[in-house]
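You will see subunit A twice below: alongside subunit B first, and alongside subunit C after that.
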Partner chain A sequence: MATKLVQWLTGLSLFFSVWASIVFDLVPVSFDQRIYQVVLPLPIYLVIAFGCYALAVVGYRTATFNDCVEAAEELKEEIMQAKADLKKKGLKMS
Partner chain B sequence: MASRKTDKYSVLLPTYNERENLPLIVWLLVKSFTQSGYNYEIIVIDDGSPDGTLEIAKELQKLYGNDKIVLRPRATKLGLGTAYVHGIKHATGNFVIIMDADLSHHPKFIPQFIKKQKELKCDIVSGTRYIGTGGVYGWDFKRKLISRSANFLAQFLLRPGASDLTGSFRLYKKDVLQKIIDSCVSKGYVFQMEILVRANQFGFTLGEVPITFVDRVYGESKLGGSEIVQYAKGLLYLFATT
Partner chain C sequence: MATGSDRILGLCIVATAGLLFAYYTIWVIFLPFVDADHVIHNLFLPRVYAITIPIVAGVIALGCLGVFVGLLAAGKKKQN
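Moving on to the complex of A and B:
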């Protein structure tokens, strides 16, 4: 199976060959001027859109990252129980 | 349940200077397994801790029996990956559970891991801090942001089919873990990522259980610039090779 790097390179080169063939008129098909205006800056738009998406996702997930306060409280209590029980059983902990 | 009798779970606990934590984590493990009734053993792999971890482990062995507490110490600090290889060699269970001994991973989740494994009949069950009721305690905003960013990047580049690549609280079928570890080349932090990425590559099946991660109660937790560089290198390495 191709590595992730190769998969990415394949995808990107496919995209850019289509993009270049339109932008630099490499194919004998003529498009409407408005299509050129969209296609030309498309890579930059995609990068910006992805950047926004990444920021939104990471921001949201950071803000909603659970603080497990109860888990910490529970653990503290269990540590006390464990220490008491181990001491009772004669474990030298010092 | 018949499988309760035939299945055995070997918990691998690599330790280095965990004299304070080891009795507590063992106590919690014994409590959890006693309640759930599954057959188990705890394999302590101490890498020559100067703080006397091995001595306290011997005390625990006297207390709980040498069928439950198995000591497989090594003379010097050789790292996590090799600790697992070393531990698996001595594991008598058909399942292996790997967790940290510093109390950040709570044994109360182990019965949930086992249940999930039986339900999905999967090869691996991974604890995850990133979905459902999972989470962390003791992390400030910056630490959470770094963690989420690192995870986002890893998901984006590697598409590993697992939500928590760097957590290390997991249950494996023993032969599956053996096969994965044989193909892993990374060390430390990155090794945890590589295990799941390779598992995905081999087509092993994965289940996930949300866990709470309580950052070190005793001792210092570390996340410095060098960890971040190490993580980035590991990520790129896996990106280019898997």
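Moving on to the complex of A and C:
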């Protein structure tokens, strides 16, 4: 299992080699002029798509933001335990 | 718990992202396959802008970020 970095680098280099081979005419295959027009801004398109996805996730998490009641109770309990433990060991609390 | 205004704000952000994505997808991916004299072309800027606007905006954003981080670093150095 490769690390995430290696996965991303592999995917990106694969994408960019295919993209460059089409845009810079490195392969002896000719496409329709309209295909070139779509392929040329593809990296920017991917960046914008990722940005839209990130924005949508932020908005969705804002809309469905939740209180963590159980976690708050648990945290309070742990604070009490820690305070009691520290007091037992001779720490003075204000 | 998310209040009503939080929910509205969140949904507005999601809608903005969706609209932006749909508009840009139509502009970049589908428009080359539509006839050049079709009315839909009136709704979009010339095709060069589909590339130049994101690049210029990205350069400006990264520049602002760099200046901001640089100012923070300079301020920190002065304090020490």
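Assume the second predicted complex is superposed on the first by the 67 of 94 C-alpha atoms of A that agree within 3 Å, B and C clash if a C-alpha of one lies under 4 Å from a C-alpha of the other, contacts with A are read in each partner's own complex, and residues count from 1 in each chain.
Please note the rule applied: a residue touches a chain if its C-beta (ideal position, glycine included) is under 8 Å from a C-beta of that chain, and two chains touch if they have at least 3 such contacts.
Given the structure is predicted, the values throughout are model-derived calculations rather than measurements.
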| item | value |
| --- | --- |
| First, second, both or neither for A:Asn66, with subunit B first and subunit C second | both |
| Partner chain in contact with A:Val58 - subunit B first, subunit C second, else both or neither | both |
| Partner chain(s) touched by A:Leu75 [first = subunit B, second = subunit C, both, neither] | first |
| Which of subunit B and subunit C A:Pro41 touches, first, second, both or neither | second |
| Contacts of A:Lys89 with subunit B and subunit C, given as first, second, both or neither | first |
| Partner chain in contact with A:Ala49 - subunit B first, subunit C second, else both or neither | second |
| Overlapping contact positions on subunit A, where the subunit C interface meets the subunit B interface | 58, 61-62, 65-67 |
| Subunit C - residues contacting subunit A, complex | 1-2, 6-7, 9-18, 20-21, 24-25, 28-29, 32-33, 47, 50-51, 54-55, 58 |
| List of subunit A residues in touch with subunit B within their complex | 1, 3-5, 54, 57-58, 61-62, 65-69, 71-72, 75-76, 78-79, 82-83, 85-86, 89-93 |
| Subunit A partner contacts - residues on subunit B that touch it in the complex | 23-24, 27-28, 56, 59-60, 63, 103, 106, 130, 133-139, 141, 144-145, 147-149, 152, 156-159, 201, 212-214, 217, 238-242 |
| Complex contacts: residues of subunit A adjacent to subunit C | 34, 37-38, 40-41, 44-45, 47-49, 52-53, 55-56, 58-67 |
